[in-house]
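The structures considered in this document are given below.
Below, chain A partners chain B and then partners chain C, in two separate complexes.
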Partner chain A sequence: MGRGRIFPSALFRKEMLIQNLIGGIQAGSLYALVALGLIIIFKATSVLNFAYGEMVMMGAYFSLVFYSFFRLPLPWVFLFALLSGIILGLLLERVICQPLQRASPMTVVIATVAMMGILKSLARLIWGPGYYALPIFTVTPFQFFSLSLSGNTLYTILISVSFMGLFYLFFVFTKIGKGMRATSENPIAASLMGVRIPRVFFLTWAIAGALAALTGLLIAPLTGVFPDMGNISVKGFAAGVLGGFGSVPGGILGGFFLGVAESLAGSYISTAFKDVIAFLLLVAVLIFRPTGLFGKQG
Partner chain B sequence: MKWTILGSYHKTWVPLLLVLIGLAAIAPFLDVYFLYILTIVCLNVILATGLNLLSGYTGQISLCHSGFLGIGAYSCTILMIRLHLPYPLALLSAGLIAGCAGFLVGIPALRLRGLYLAMVTLGFGEIVHLVLHHWQGLTGGPLGLKVPTARIGPVVFKSELSLFYLFLFVAFIFVILARNLIHSKIGRAFRSIAYSEIAAQACGVDLAKYKTLSFALSAFYAGIAGGLYCQLLKYLSPDPFGLFESIQYLTMIVLGGMGSIIGSVVGASLLSILPEILRDFKDYQELIFSLLLMLFILFMPRGIYGMIRSVFRF
Partner chain C sequence: MKRTLVWVTFLSLLLLPATGQSEVGVTANEIRIGFYAPMTGFASYFGPSLRNGLMMAVDEVNNAGGIHDRKLKVIIEDDACDATKAVAAAKKLIVRDKVFMIFGGPCAHSVISGCNLADEEKIPLYVVSSAEELVKNYHKYCFIIGMTTWNQSRLMVDFAINELKAKRIGIVYQTGAYGQPGGEGFITRMKKYGMEPVATVVHKIGDTDYTAQVLKLKEANPDMVLVFSYTKEGAMIIRQAWEKGLKAKWVMSTTGNIPSVIDLATKEAVAGRYYAINLTSDIIEGPKLKPFLEIYTKKFPADAARPDFPNDRDTMAYIAGKMIIEALKRCGKDLTRDKFISTLENMGEFKSDIFPPARFRPNDHDGMKTTYWVMYDENGKRRFIDKLYEWNEPFSGSAGPGETAETIKAKEEEYYQTLKKK
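Up next is the complex of A and B:
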């Protein structure tokens, strides 16, 4: 009898599993977006941007301002948030990337860490330490076979996956995208082939800024908007590292993998374990397979 | 050659000894608030000196030093509560436990550099923070732990003055220790690794040994600082051991001067006193800290002490 009460049926368990998987994919798509932004910057400019999470956070605040303060319709909120994200990205490129082009990696890391603190404390000064809700998507659940999905989940997954697709097309088919890939392979050879390196750097940060703003916009309805929401970048690092940190598809796969792993660990092991698993995976992968779970060995 | 090294020894530790005696002499006449600030200065000097051994001299970044500090503080307290160890023993074990943790973090550092190392240390720091929060049976979780008062023989370290003398004494010993270490074979190995790992290896420096040693030593310093810190806090919670604090320690050595012991003393003192001066602007503190870090890394990468040295050419 007791057994029946805890696990009513095998069917219920299966549904719980699927529900968990979907939750994991939703979180994973966001991690993948963060990882994508980090990897794009890293590949093109070899800067590991510790301030990326704060760019995401600023994106969320920008959308909050356009949505709740100016009361713009949703498409305009998207557009303006992306624009302000781009401006922020360009600003950071001027402050961090340009002056420190020849500095040691440690100097660059410290500079981005400083930028992280600056953006976070600025947000806290401007908007205060509290939470804001950003209800841009419907939350009413709808039935899909026997599963109930919230509009939130669906939109998050759809929008993030379609943006990943767009980026794939951009990198593979456009001339600018090809130039960016060439630069990340070998900057000197690329510049000899006529790729303008400064322009590539500029564009990379602009694109990453837009992506960060988009990510912030998608995360905000789930978690609310608050100054510490940039901590998601650590999950993005973990996702990127799982994928080897050199390849965009690897980072995206790593993001989904991390999201699902977290969701499963959270519901089947313990909720405390949910946050730890990202860091355990991060450290373990870096120690045992520095090329990532999906990367080539050696 | 030998004489110049000896000469530079004198240059450092004679003024340091004078500072020590001076501080010890005026301490009884200071009010409690000043004493508290000076105690914090001593604590941060130990930490920054340890971090400088790792980041400044060996060139390995660490974003988890507040994690080592936390390990030290918690192990010292738990050893005193559970095993009733006398304080000096608990303090030493706290340093050793943190040192072991540092050794463990140092192992991946053999294969990773720069950015990847930053990520591992970031991850490790977060793990420590989360474990302190969630392992309630041992650490008390967010509720915290009450720290037993330290006593060494007949002396009870309860008053601010006695704590200050303890901190000052330990800080002095550890600064001198670091100074001597830097001029030994180990210190030269550290600096050669920072300069070029390949060149160091070619000259016969055992990378595996010295990198892990540098991590372990630096974490040992942080652990000792933690063992002292818990006495000052009187009540332990996981809050003061987060990422922001790690960044703050990094700021200290960047501000003071990477790769210089006196630089870390200068940086630690400045950044411990600065928050007290900026007390009225508490909301702006984090912003000012981060801005300082940014400005120094962009325009004065050798820090205050490095600049003074290049101006006066010594």
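Up next is the complex of A and C:
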């Protein structure tokens, strides 16, 4: 009798935990993508790109234009959004990185802050301050055992994890990827070994642009498209710091960690303290392991 | 002696125009009205709505010859939804532009600062906003239209229980000046029915993942969820709840009454289960608002082409403009600020084809206490519920002269205690 009563409740708790983990992984995969974009620019060029959130926002607007205005099929929307992201990345490299090559890091950071405002205002000017929906994935839920899942959740996780895998393979196995890693470790030595540094910078911004567009495209079906959606970069920064800002795998794991921590804290402690708890964890990590969870000590 | 006479004559000449001058901001052929709202920044979708609605009313009266041979001139300022900028804008309008009155809204902190300044400077301020802080403390010079969060939250609970027969109510609200009073209002009002929410969850503006909130709600198994959040956040919660298998009905505040809710929340999630407060006498795409929509589209084609324009805020600003114009007309040729305030307070119900009756009273500067509702039917089509819901309790959320937020709260609590005893 007692067991019969407890069992459904316990099952629901288990289901609740798994649902929470899936929700956290979905949010975390987006944080991880943002962290990845921030880290690869930082590692290659030592620029902390404050305009990255706005690059994500522009990626969402590009997707909106191709999906709702040109009414292209989804694979083409992906392709053109990524291409537009690459072009935007290259444009920013020409506007920020190249002219300020010899400027102090602080000057470059201020330039990215200025670019943040410019991109946001540009979006408001072109598309207005309102919200646009971008329903590119199905939301009809389906049952998987006792779990209720949707296409939105699955596609977001699958696509972002696949792209992270692709980037990993690119950095580890391709000649260009190895050159980029070498530049981030020691630009002078890399240059002496024949790596063309300006080309690496150029490529880095292009890849970051593509990543930003992909992130924008994946966030847009969840939040809609609007000029302030770049604020997600705050979570991306947090994820990057949590994992160790110099480490790509660290940034990715930091993203997932943050997403899951938020979700669990919201469900099991209080929804009011969801963010507080996640950022308390961040502070704790910084106190006890200042290089981040996966950063190199010293 | 001769020198003294010259001085007296000179000074008299200097004073002559002053003695014959009328109220500040009023000349022989013009009445200057200041305007501030967020025209830039994160809330910049509010500003054009308020400006367009007001300008429609102003252009109508100016094209018809003005008010007592005076044309209305509107001077527009941007507050960027920031209290400091709002005060700076209002001061500029008062000191430099010497306006007769100010029209503004809707951001809570901006209008609260504006109302404090209006009382100091003794200048009428008419705002379109839902900030209940404005009416919780009495402001002689401040008038509000736009259904305060106080009224909305209480009418939402009444609607859910009396009309939709809700038995297990969950509540969702966002933190901050908009959602917090709304959420607390739900809990207070539910006391009238001897009920408590089965689950209460909160979120922040800009959140993207609502898994925690939805699972908490789902665990409590509500048949109805009341939402006091901004449009995007509210719609996202509803969609994520649908994705996670929560099949409750939803009632949302005024922010939920825009056609694009269905795009953000998706048709599947809202069809047959979604209701929101509708401030006008029809939905914006309905037949009663067709003439308004036609003029609006002609006059502001760029804004009308944007998603969710025009909306409740455009119509509210239009009606507010018409109400101001009516009061100015009734003041007669000798217009003063005090006369204008007294006229607004005593002009009775202001009726129009597109808006429920609005009314200010000497002890109540909250002009709007009635509402309609909108819903999505089983096919995902927006439908207007043609029944006016009025506030008919022996108290309201507005402070009259000598009253404070505490006295209002005590009155409400006392009323619920009396009901409980009965």
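One rule holds in what follows: the second predicted complex is superposed on the first by the 275 of 298 C-alpha atoms of A that agree within 3 Å, B and C clash if a C-alpha of one lies under 4 Å from a C-alpha of the other, contacts with A are read in each partner's own complex, and residues count from 1 in each chain.
In this section, contacts are C-beta pairs under 8 Å (C-beta built on N, C-alpha and C of every residue); 3 or more make two chains touch, one makes a residue touch a chain.
Just so you know, these numbers come straight off a predicted model, no measurement behind them.
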Task = Quick one: classify A:267 as touching chain B (first), chain C (second), both or neither.
result = second
Message = By the touch definition at the top of the document, which applies to A:275: first (chain B), second (chain C), both, or neither?
response = both
Ask   = After lining up the shared chain so the two structures overlap, which partner does A:232 touch, if you call chain B first and chain C second: first, second, both or neither?
value = second
Key: Touched partner set for A:124, first chain B, second chain C, both or neither   = both
Request  = Examine A:115 and indicate which partner it touches, taking first as chain B and second as chain C; both and neither are also allowed.
outcome  = first
Message = Once chain A of both complexes is superposed, is A:99 in touch with chain B (first), chain C (second), both, or neither?
response = first
Query = Given the touch rule stated above, what does A:149 touch, chain B (first), chain C (second), both, or neither?
reply = second
Request  = Would you check which partner chain A:249 touches, where first means chain B only, second means chain C only, and both and neither mean what they say?
outcome  = neither
Ask   = Of the two partner chains, chain B (first) and chain C (second), which one does A:20 touch, if any: first, second, both, or neither?
value = second
Query = Which chain A residues lie in the overlap of the chain B contact set and the chain C contact set?
reply = 124, 272, 275
Request  = Under the touch definition given earlier, write down the residues of chain A that touch chain C in their complex.
outcome  = 12, 16, 19-20, 22-24, 26-27, 30, 124, 128-133, 135, 139-141, 143, 148-150, 152-153, 219, 222-224, 226-228, 231-232, 259, 262-267, 271-272, 274-275
Note = Seen from chain B, its contact residues with chain A in the complex are 55, 59, 61, 63, 107-108, 111-116, 118-120, 122-124, 126-127, 130-131, 134, 244, 247, 250-251, 254, 283-284, 286-287, 289-291, 293-294, 297-298, 301
Inquiry  = Residue numbers of chain A touching chain B in their complex, please.
reply    = 42, 48, 50, 95, 99-100, 103-107, 109-111, 113-118, 120-122, 124-125, 234, 237-238, 241, 245, 272, 275-276, 279-280, 282-283, 286-287, 290
Contact footprint of chain A on chain C as seen in their complex = 40, 42-45, 175, 201-204, 206-209, 211-213, 215-216, 219, 231-232, 235-236, 239, 242-245, 260, 263-264, 266, 268-269, 306-309
